[in-house]
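Here it is, the structure in full.
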Amino acid sequence: MKSKLFFLWSLITVGLLAYAVYEAAFVAPMEATMFDAQRIFYYHVPAAATAFSLFIVNCIASIIYLATRSQWADALAVTGAEVGVVFCGVVLITGPIWARYAWGTFWVWDARLTTTLLLWLLYVSYLILRRSSEAGSTSVLAASLAIFASLDIPIVYMSNRWFRTNHPQPVIFNDGLDPKMKLILMWNVFAFMALGILIAWFRYDLERLAQSINAAHIRKAARGGFAALLPGMFLFQVSGHWPPIRYFHAGAIAAWAIYLGYILILFRKFAGLKKEEAELRG
Amino acid sequence: MRGLSLELEQGRFYVLRGENGAGKSTLLRMIAGLNEPTEGHIFIYGIKNKEALEHIGYMAHAPLLYEEFSAMENLRFFAQLYGISSDQPLIQALERVGLDPKLERRVGQYSQGMRQRLSLARAIFHSPRLLLLDEPFSNVDPDSAAAIAKLLAGMRDEGKTIVLVTHQIGLLSSVADEYILLSHGQLVERGAMQRVTA
Amino acid sequence: MNHSIARLTWVNVRKDLRLEWRSRDVLNSMLFFALLVVVIFSFAFDPSVEESRRMAGGLFWTAFLFSTVMALNQSWARELRNGVLDAYRVSPSPSEALFLGKVIGNFLLVLLLECLMAPLFVIFYNLSSVGPVWQLGVVFLLGTWALVVNGTFFAAMSIRTRNRELMLPLLLLPISIPAVASMVLATTNVLTGESSPVLQMKFLAVYCVVFTTACFLLFDTVLNAE
């Protein structure tokens, strides 16, 4: 399971992250109106991109599962959902930290924030459904729910058009963004996507292992998802009057706490499953 | 179920036996199309079971009836599901099981024996070729049970195939043709009924 | 095939209405629950006439959402009680007919609740609409269908879960958020007369079409998920 390829990918990820984070923190030019706090952009946007990609993976895997009833598709679906919820959680925490500085309030009901929150809610309900359903019906029910969730996403995105938003307009695709910033952002997107793939890979292997020994324990991983959001509690410590750089650091700490917390939970699950497997063989 | 492969002949009366948890009810449900086998197929008279539903009559532990309706109202509803609009087969089915078609009482007020009989009527009114019965004699008084056994024998003589799950072998030792013994989801043994001691 | 789905849907609707009329337990408790919710909301939020137009939309749909969830929670109860659902699955009848029949039955029940709650709201909040009232009618119809179709579907899903009554709102609410937001906005727009609700109505119509189709196509899968 801990194949050579996986190890190689971990190295690549660490390398990319180190480079990208360094560039974002020290090399990227200072933004004119938001100063250092704007640097949150460099881990907020990649988290969003990764989360959305993972949710798309879940959607496609669910469709494949309903068509073929293959176990690997089911494993991929739950992986996409769970790891997606983690990354989406990061988006929902780092966003308000940035907003507190940029707009003075933590939250606005603008279209993009609402969509992200909704996605998070939908997929948390997906994870809860997986936990509460009868064994044997779990995969089918969850896959059906995933299709509903994916139908909802474009619908919410459409309502995007009809509400005014004070979310920064997509600067990536027009010339509003300094090309140097664009480049560093791209590196960060690659780096965090690599991280996403790494964590998802781990989670997928865990799920396949659990399937092979027919363990029900893996369902409890959903509980861990909530614990990962506890750093959100410290949001309230974030005042409106810090120096800009502190927002950047606060967001980074929150994000990494969530990522590392989730990875730790996965390791514990891994240990538990390995033990169970040994007991079954022995 | 562990690698079960079974062939049943038309017009025979089979009894499924085995200890609790052997998989008898599950097998019955699979034949009826309620449970999907992880691998493999089920064919009824050459047609896939899910496409042959009008040939199946199913009776479960639960009565499968609406408490608020009377006997005829229940049957009329189920008749619609099978595309039957006439009352005749319904009245015949009720008379065969020994219930009064004119009874207006709601099923909620029936005795257990009456419920079982009505449940059986619901399973047979559309003249299915295959009858799947799960513990039809549970909670039924001995006279009613004997009457039901006789009725089922009669149906077998008409050419219907019957697969029945029960713990009360004694009732059926003289009417059933074959028994099938399951254990832990596997077929252990099958043979002619006369060999079984009550 | 389509003919039989339509016919069987009607059979199911008639059956549900007759069952409901026989026992009337659900109807009575639902009506009373709706009344209680309206009263509580009126106690909790006591605005002036000008404010009330702005708030009534949100308040009404929230109150309505609670009542609907309660009503939908027991929509499959009768089928489950004596295992009738199995009898239905064993019959050659298409399950889509069962689903549509349930949805229409629930829709009528919930519409009845609305007819009770809306006038009460008008009374308690001294509401009068600036915009045309027929638009409210359209919003109500579309919004109710949106909630009921998904609600019936998720109620069927919840059958195979451990905390049945909790699962339904848990699944239904996130999916319904865009629809509810539209309903509230449309209602407020009509009541205050400040802008046109047509955009929201179009949105609701699209929502209804998309999700009714999805429910229709996936119901058989969910019913047989064993």
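Lettered A, B and C in written order, each chain numbered from 1.
Quick note on the criterion: a residue touches a chain if its C-beta (ideal position, glycine included) is under 8 Å from a C-beta of that chain, and two chains touch if they have at least 3 such contacts.
Every value quoted in this text rests on a predicted model; they were computed, and no experiment measured them.
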{"item": "Reaching chain B from chain A through chains that touch each other, fewest steps", "value": "2"}
{"item": "By mean Cα position, the chain sitting nearest the middle", "value": "C"}
{"item": "Far-end chain from chain B, centres as C-alpha averages", "value": "A"}
{"item": "Centre-to-centre distance between chain B and chain A (centres being mean Cα positions), rounded to whole Å", "value": "52"}
{"item": "Distance between chain centroids, defined by C-alpha means - chain A, chain C (Å)", "value": "33"}
{"item": "Chain centre separation (chain B, chain C; CA means) in Å", "value": "38"}
{"item": "Overlap residues in chain B, where contacts from two or more other chains coincide", "value": "none"}
{"item": "Residues within chain C bordering two or more other chains", "value": "226"}
{"item": "Of chain C, residues touching chain B in the complex", "value": "4, 8, 11, 15, 18-19, 22-23, 78, 81-84, 86-93, 224, 226"}
{"item": "Residues on chain A engaged by chain C in the complex (per definition of touch)", "value": "66, 118, 121-122, 125, 128-129, 132-134, 136-137, 140-141, 144-145, 147-149, 151-152, 155-156, 158-159, 162"}
{"item": "Residues of chain B defined as touching chain C within the complex", "value": "32-36, 53-54, 56, 58, 60-69, 73, 77-78, 80-83, 106, 122"}
{"item": "Residues of chain C defined as touching chain A within the complex", "value": "150, 157, 160-163, 167, 170-171, 173-175, 177-178, 181-182, 199, 203, 206-207, 210-211, 214, 218, 221-222, 225-226"}
